[in-house]
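Two complexes, one shared chain (chain A), two partners (chain B, chain C).
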Partner chain A sequence: MLYAGAGLAVVAVACLWLFGPVDASSIAMALRFTVPIGFAALGGIFSEKAGIINIGLEGLLIIGAFSAVASMYALSLTPIGANVWLAFGFAIVASAVVALLFAIACIEFKADQVIAGLAVWLIALGFAPFASTIVWGQVNSPSVDGFSKWAIPGLADLPVFGDIFVMRPPVMLLIVAGPLTWYVLNRTRFGLWIEASGEDPKALDTAGVDVQLVRYVGTVLSGVYCGIGGAALALRVGQFTGGGETMVNGRGFIGLTAYLIGNYNPIGAFFASFLFGGLEVIQLSIQRTSDIGIPTRLVGVLPYVIVLVVLVFVGKTQMPSSAGDHYESDD
Partner chain B sequence: MSGLRDRLAGTLDRLVDASPLERLLISVASLVFALVLGAVLIFVSGFVATCNSPVVFIPGVGYGCYNPIEVYSTMLQGAFGSPISLGQTLQETTLLLFTGLSVAVAFRAGLFNIGTQGQMVLGALATAVTVLWLGPFVPNNAIGTIVVIPAGIAAGAVVGGFWGMIPGVMKAYADAHEVITTIMLNFIATAIAFYLVNNHVGDPSSDSVLTETIPAVAQFPAAIDGSRFSFFALGAGLLVAIGITLLYTQTVIGYELRTSGIQETAAEYSGVNAERNIVTSMTLSGALGGVAGAMYVMMAQYRWQTGIPSLGFDGIAVSILAGNNPIGIIPTSLLFGTLKSGSLAINLSLGVPTELVEVIQGLIILFIAMPEFFRLIGKRSGFGSDTPATSGGEQA
Partner chain C sequence: MSADDESADGARPGAAAVHMDGITKRFPGVVANDDIDFAVDRGTVHALVGENGAGKTTLMNVLYGLYEPTEGSVRIDGVRHEFDGPSDAMDAGIGMIHQHFMLVDTMTVAENVVLGNEPTKWGGFATDRAQAIEETKALAERYGFDLDPTAQIDEISIGEQQRVEILKALYRGAEILILDEPTAVLTPQEVEGLFDILEELIAEGKTIIFITHKLGEALEAADEISVLRDGKLVGTVSSAAASQEELARMMVGRDVLLDLEKPAAQRGDPILEVEEMSVEDDRGVTAVSDVDFAVHEGEVFGIAGVDGNGQSELIEAITGLHQPSSGTITFDGSQITTASRSDRIGMGMAYIAEDRQKRSLVMDYDLRRNGLLGCQRLPEFSNGFRIDWESTEEYVDDVIDEYDVRPPDPSADAHSFSGGNQQKFIVGREFERDPSLVVASQPTRGVDIGSIEFIHDRLLDLRADGTAILLVSSKLDEVRQLSDRLAVMHDGEIVAVVDPDAVSEEELGLLMAGEQPAGITAESARVRGGESA
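Moving on to the complex of A and B:
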């Protein structure tokens, strides 16, 4: 899987190179674009491995993005003033709360996970522009301050590649989150519980661990991750735009595909997300160089087409065998 | 992902085969709960919104702008208060009838078609292009209409059907999950339609992305002055709903489409080609989405124009609330037609954003997805003890 992931990264960089110079700034840009997709993918792994298929990642990203900007705006009206980190925190809490509600629906009320996840998406898709209109009088927010870039001491001064290491905090978080998620899932007791909760809940129950609790934690973690991803997206752009499919624009579903490509391995999912981040850069650079003669609007569908192609070839994934099932303890 | 498919089948089994009375109760309860939550949302958001004449003041909290009861009654008023608004409501109803049927046909075969939206967008464009091309060749009278409108519907159906067939083939032969593929295909459809209209088939004299107005012969005859609603379109929708019911209950093909969706293995033992049935169901579903687009062009907009409303997503709520029953879709599309048409009024006269309806729709889908919620409430409040009709489907 690691090889596959590394392969994907090579493919992404190769594609970048085909359509423009691969320099530090284009790689840095690809990393920035990877953030929302990557966090959605890593979060989705927690949830699905625990046995709750979370198709509502897209909705959670939307909630994260909206809440971040709304918090910035609300804070600016208080004596505290607009604080990016506070807004970031509020967005994570908001997304986690929605994920908790989704978990309650799935676990307590035995909801069909796919339909309930769909509902989470559709509710968020309606709620965010609704709330934007209530607050700002239109579906788009005014612009707010976002994260400023940090230079990693030492690395940022490197020749040629130095620019990669000047990044906004969410990008650093993602780079840490990939390996950390892998470590938690593969090297800790909690990771074993998550795995067992999705693969063999009965055995986990027999071992005295509360399966439902593990599933709650897994699903809420997906909310935390999506909160980070959505907030990072909105605070990078410095605005929430709620028209059409909102500014999230399918990134949650792309994240879902990314972890399928990565076959539930966080490192694989990270590289697959990076592939999609790279595609966004390619798309932008094609749009900028109009002489290639490809209409910009059609270039925009590239990531979605790749998702389709990937799904055809990765149709059979090693889905956790009890994911999607309700579990009821016998006692 | 065959495990997922079996499980889905189990759920669909429960949704489709729960006793009709129970299904009706769950639908009504879901609707009531969603409307109540919607009311809470309206009330709370009233304290955030700014307005000239607040309806309520709570010390320490501030002024509230919206009274939920007033909002809902304005909605009803706005949907039925005048002939024009009635026409608007029936027009929405007609379009939702088609998108709802599109979603239902897939659902009955055990498939989630989230792609009705994209199928509709491309179908609508095919219709617009076809009737614009055909217009000059036919006499400008009823005879022309009899030729052009069916041709427009056929074009929408063919293109929508093709766009639905793609995820069907991907599902049947590569096991690609149709929820994700159809959502991706929505994005792609919108981009393709935008590109074609912007660069090739659009109105060159306009700065906006739209086609020319379709010829009068291609416009459904309006039934009400000041509205574009047409009884012919509504009638066609009702006929299709009945036709699909007959297809499922009276024909072998319909039976096969249903069984292969609900019990894949059983269907295969009895010699049914499951793959082909998946493709057929998705194609039929896509064709209905395309027809919805045709109706949109020939009854509502009279042209293709970027920013087509999300009728395809609305169709999911329409179908799920009806338990995916084609006849049940008739009242649910009227219900959502009322909400959508009324949402314009609440926005205009009270300033409540129209997206309220989308939130309510999402909530309805959520509640329908968890029948257990209502059973627990039922048990706690002492109504209806254990309902035997549902205890069988639990172990998926």
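Moving on to the complex of A and C:
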């Protein structure tokens, strides 16, 4: 699957190149767009590999985005003052708490995971604009300060590609998070437990490991990752917009698709997310430059068409055998 | 877990490895174990035999800490223990190998062995995979297991998977191993392999308890045999002094006819005729090639062979689950080669499938709804729009009554019944429809001895009534005893049709292996020639 993921990245860059000049700034832009998708995808892997299908990634991103902006706003009214990192932290906590509630519903109260996940999305979709209206009188927040860009010493001074290495911290975080997630899943005890929990929870249980605890941790981790992704999105834009599908606008679902394309391999999921990030760039450039007037909605369909095509060529994904099933210990 | 203070420092020399004293386990409405005294000496193999529901598994679950006994005590090496759960039992050196393996298919042998007790490096930030593989390898070599620690579980055979389960228990320091029906899923060769392993383990000083209802295996592998019936210990005998008949009597509580009394066949017209039929399996490989045979009224036509030589595909083609690639099937005078499954049921074809949980029952349905499966279109149960639940209930009550399904509760879900009772129910459901042909595939697989006798009797009853019976079984003694004519399948072909009373087990074994023993060729040619004439 690693090869498939790398292949996808090549496809993404090729697409960029076909539709417009590939330069450092368009790659940098694609990376920026990858951040919320990528974090949702990596988080979703933790939860689904542990056996809890988290279809509410979209909702968790919305919670993350709203909480980040709301925290910035609230902090600016206190003596502490607006602090991007503090707001970032609050957003992660908020999203993790919602993920924990989702996990409690699925594990403790045996809710259907897909329905509970949809509930997370729908509740977030309703709550965030509602809360915005209460706080700010409209679904969109006023502008807040966001992350500023950091230049990576040395690399940023490279000719031609230098611009890629001037990035906001969340992009760096994502680039680290991909391999880190792979490492945790494939090289640590916890990763082994996550896999066993999703494949054959009874085997894990008889080996003396608490299956439910593993599932809780996996699901809360998906909340943490989505908190990062949502906050990164809002703190890049510097505003929360709650109209329509909110500013998250389906990125959680795209993230879900990304890890399926990557067949639950974090590296594959990262590259698949990057493909979608690249598609977003192409979409923008088509909309901006096209004289033929392709309808925006039609261009918006592009990612999903790509998903179909890619799934046909990449082959089928292998779901964890026990994902979606409740597990009850005998003793 | 608590141990007596006086002996907390370790084993008492001379004490039995396991001593269960006066164990009673009550469930609401049921006494599963009734005042059982059970002791196993260190370094011996002890078989625990009994029919399904006799309380074997309950007793072992008490020993393994899954159940707390209502009364009685458990001593391990003379030290009294009260287990709160399997992990306490594991700490006391007890390992259990479940009938359904507790292995993660997508992980490697070594990963499964160390799961939950992984060796780590770098301060716990990584599993030490090299060490896991090394330890697994060392352990496997010590007990003479031929296993590749880096192979993935879904790539190795069932017999190898069982060895991984045993390694898992040994890795956790098990001194006492409980095996729950370890031979149920194994081929005869793998069973031999398992018995060799048990000897190896005994040589290393381990103690083994295995649950089985195959008396021959208990006699072969065990030093002592304890027999349970209806939750009570009937007795413990030394295997050197016991016979199959004696054990069967202890198990069932009456004399069991291990050799069937079978009246001569009243052979009538052919009911099922299969001509030049070939079947491809799901991967497009020819699984059955060019077979010809006929099953007549009032006879049992047996098919013997090592599993996987085309029997399943042959049966699926006859029952309508799989289309043959060429040839014809005639049933009761009409061509049914392409007829649908429901047409075949309507014409009077009964089917006892090999895998009862996948093919014959919906495990989450109660018996009432399971009793309707397959007959939902028959006029007795449906007017075409709605199901007649009243007549279904009557039918199911009849089946439960006639076929002694226990507990007799039509509203209980299928999965709450033991394998033997599930099978009795299926047999009843199929036989009570008054079929003209019964296709029975492994009808007694994983079924206790009393139920086996019962199912055999019913098959012979149908035969006496003039029903044609096609029987496939990998149990050689079963097909030999029941069949009037016996076909041997090898590599998709029927290599011989023989008179089961006229061939020896060795000759059948050779035929099943694809060799032609001297003397059989002529006879089988005669039987085949006689049939096509």
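Methods note: the second predicted complex is superposed on the first by the 314 of 331 C-alpha atoms of A that agree within 3 Å, B and C clash if a C-alpha of one lies under 4 Å from a C-alpha of the other, contacts with A are read in each partner's own complex, and residues count from 1 in each chain.
Note that in this section a contact is a pair of C-beta atoms (placed from the backbone, for glycine too) under 8 Å apart; a residue touches a chain by one contact, two chains touch by 3 or more.
Computed from a predicted model, the values in this text were never measured in an experiment.
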item	value
First, second, both or neither for A:D200, with chain B first and chain C second	second
Contacts of A:V93 with chain B and chain C, given as first, second, both or neither	neither
First (chain B), second (chain C), both or neither touched by A:R189	second
Which superposed partner A:I175 touches (first chain B, second chain C, both, neither)	neither
Touched partner set for A:V166, first chain B, second chain C, both or neither	neither
Greater residue coverage of chain A in the superposed arrangement, chain B or chain C	B
Contacts of A:V209 with chain B and chain C, given as first, second, both or neither	second
Chain B versus chain C as contact partner of A:S321, first or second or both or neither	both
Common interface residues of chain A - those touching chain B in one complex and chain C in the other	321
Chain C contact footprint on chain A (complex, rising order)	187-189, 192-193, 195-196, 199-200, 202-204, 206-209, 321, 330-331
Residues of chain B that touch chain A when the two form their complex	1, 3-4, 7-8, 11, 15, 41, 45, 48-49, 112, 114, 170, 174-177, 179-181, 183-185, 187-188, 191-192, 194-195, 198-199, 313, 316-317, 320, 353, 355-363, 365-366, 368-370, 372-373, 376, 394, 396
List of chain A residues in touch with chain B within their complex	53, 55, 105, 109-112, 114-116, 118-127, 129-131, 133-135, 245, 249-250, 253, 256-257, 295, 297-298, 300-301, 304-305, 307-308, 311-313, 315-317, 319, 321, 323-326
List of chain C residues in touch with chain A within their complex	65-66, 85-87, 90, 98, 101-107, 111-112, 115-118, 120, 124-127, 129, 168
